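One structure follows; several queries about it will come next.
The chains carry the letters A, B, C and D, assigned in the order they are written, with residues numbered from 1 in each.
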Amino acid sequence: MNKIKLLFFATIRDRAGTKTLELDIPFDLTIQGLKDKLSKDYPNLKESMKSVLITINREYAFDEAVVPANAEVALFPPVSGG
Amino acid sequence: MNKIKLLFFATIRDRAGTKTLELDIPFDLTIQGLKDKLSKDYPNLKESMKSVLITINREYAFDEAVVPANAEVALFPPVSGG
Amino acid sequence: MQPSYVPTIFFITESEIDLNDLLGQITQTSTGAAAIFTGMVRGVTSRDNPHETEYLEYEAYIPMAEEKMKQVADEIHERWPVIEGIAIVQRIGRLYPKTPTVLIACTAAHRDTGVFDAARYGIDRLKEIVPVWKKEISPTGELWIEGDYIPKPGE
Amino acid sequence: MQPSYVPTIFFITESEIDLNDLLGQITQTSTGAAAIFTGMVRGVTSRDNPHETEYLEYEAYIPMAEEKMKQVADEIHERWPVIEGIAIVQRIGRLYPKTPTVLIACTAAHRDTGVFDAARYGIDRLKEIVPVWKKEISPTGELWIEGDYIPKPGE
């Protein structure tokens, strides 16, 4: 299994109830697969998965991308800095 | 006679050799007349009178304007601040 | 002519943003002009949904935010090669009305070189791709403010 | 909506230009954005007539300069009624390379209100009508720098 680190920010962190999560996932899991898994395992996050932005190792990632080994994966809403 | 105060700045001051000058002029003298008078009385200023900017009481003034009583008249080249 | 050395500053901070210091750091001997944008916390907002704000609570995904700020600086430099220095600073934490929260500054030899457009581009891009969020605390409650930009692949 | 009170600052000074202080003075509770322009003395100029500068000696017709700076502020406010604060400062005296010599800052509620254009307009107008001149001292001698704008009646 591929051990990855999840980081949650803003509304997503509030709903997850935690800032970080370590997760074991299959090596061929895509971002879409990860979203499905989180929706299933963490019902609080299900609604958020529709508009969430996701990064892999600090670069924006999209549904088809496969999560690489030991990835740092962050989930957050559209940014609102400034 | 109308007693006015002249102020010179930048290149004009360098050529005039003074910062200020008190002058007695006729009450109907125009800016054009003033320029002609200065060109005649101060040969060093003659060349400068072609491109000089002139203000009367801190507002830009033009050839036909009559110099009012006790005016503060400034003469200077196009501005270059910033 | 592209300057040989381009001072580029980008960081997330919890401290006050010092405009004098940042401007000094991106001024070179060849620099004659700087365009600076700063954003502040509004205590009173009239447009769209009029409301009052007690304070904003900013947070950032710091290492990624700093990488994306560098990317914004790189994009500016690519679009306006004459830019001589770039500073991008985002303050986080609890910030009260009238406090500067963000700064984008660009320097160039002359003011007609796109230096204003470069600063404008910088703040627009920061608000699109730099992972920073703010929660608004008003007399009536708390509200996370969400942007509406969805980054494209490669951004 | 036009703000009821518009802080307007304009002065000639021989002291350092303090961006932090000036920005604070033109920030209101409703302010969310500031565009600031500063000009500096270039030690090295590449464009047009390449040369080096040891320092610039600025002088002003001070009372008229301050009146004309106020006029520039009035013109900005007339063209961009949403501007919430304006600062226009010109430093004079002997100024060395890298030193900020002039500042124009405009504030507004939001950044898409013309606040960048207002600052750009301000510096352009200052260089047209505010009576300030500079003499350049370079390794090869002294030279008064002259502008090329001839004000029209009423300006």
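Points worth noting:
Just so we're on the same page, a residue touches a chain if its C-beta (ideal position, glycine included) is under 8 Å from a C-beta of that chain, and two chains touch if they have at least 3 such contacts.
Note that the coordinates shown come from a computational prediction; the quantities given were computed from them, not determined experimentally.
The chains touching chain B as well as chain C are D. Work out the mean CA point of chain A and of chain C, and you get 26 Å between them. Centroid to centroid, with C-alpha atoms defining each point, chain C and chain D lie 22 Å apart. Chain A and chain D have Cα centroids separated by 49 Å. Each of residues 39, 123 in chain D touches at least two other chains. By the definition given earlier, chain contacts exist for A-C, B-D, C-D. By the touch criterion given at the top, residues 1, 18-20, 23-24, 27-47, 97-98, 100, 109-111, 116, 119-120, 123 of chain D touch chain C in their complex. On the chain A side of its complex with chain C, the touching residues are 7, 9-11, 14, 53, 55, 58, 60, 62, 74, 76-82.
Within the complex, the chain C residues that touch chain A are 39, 58-61, 63-65, 67, 90, 101-102, 123, 126-135, 144-153, 155.
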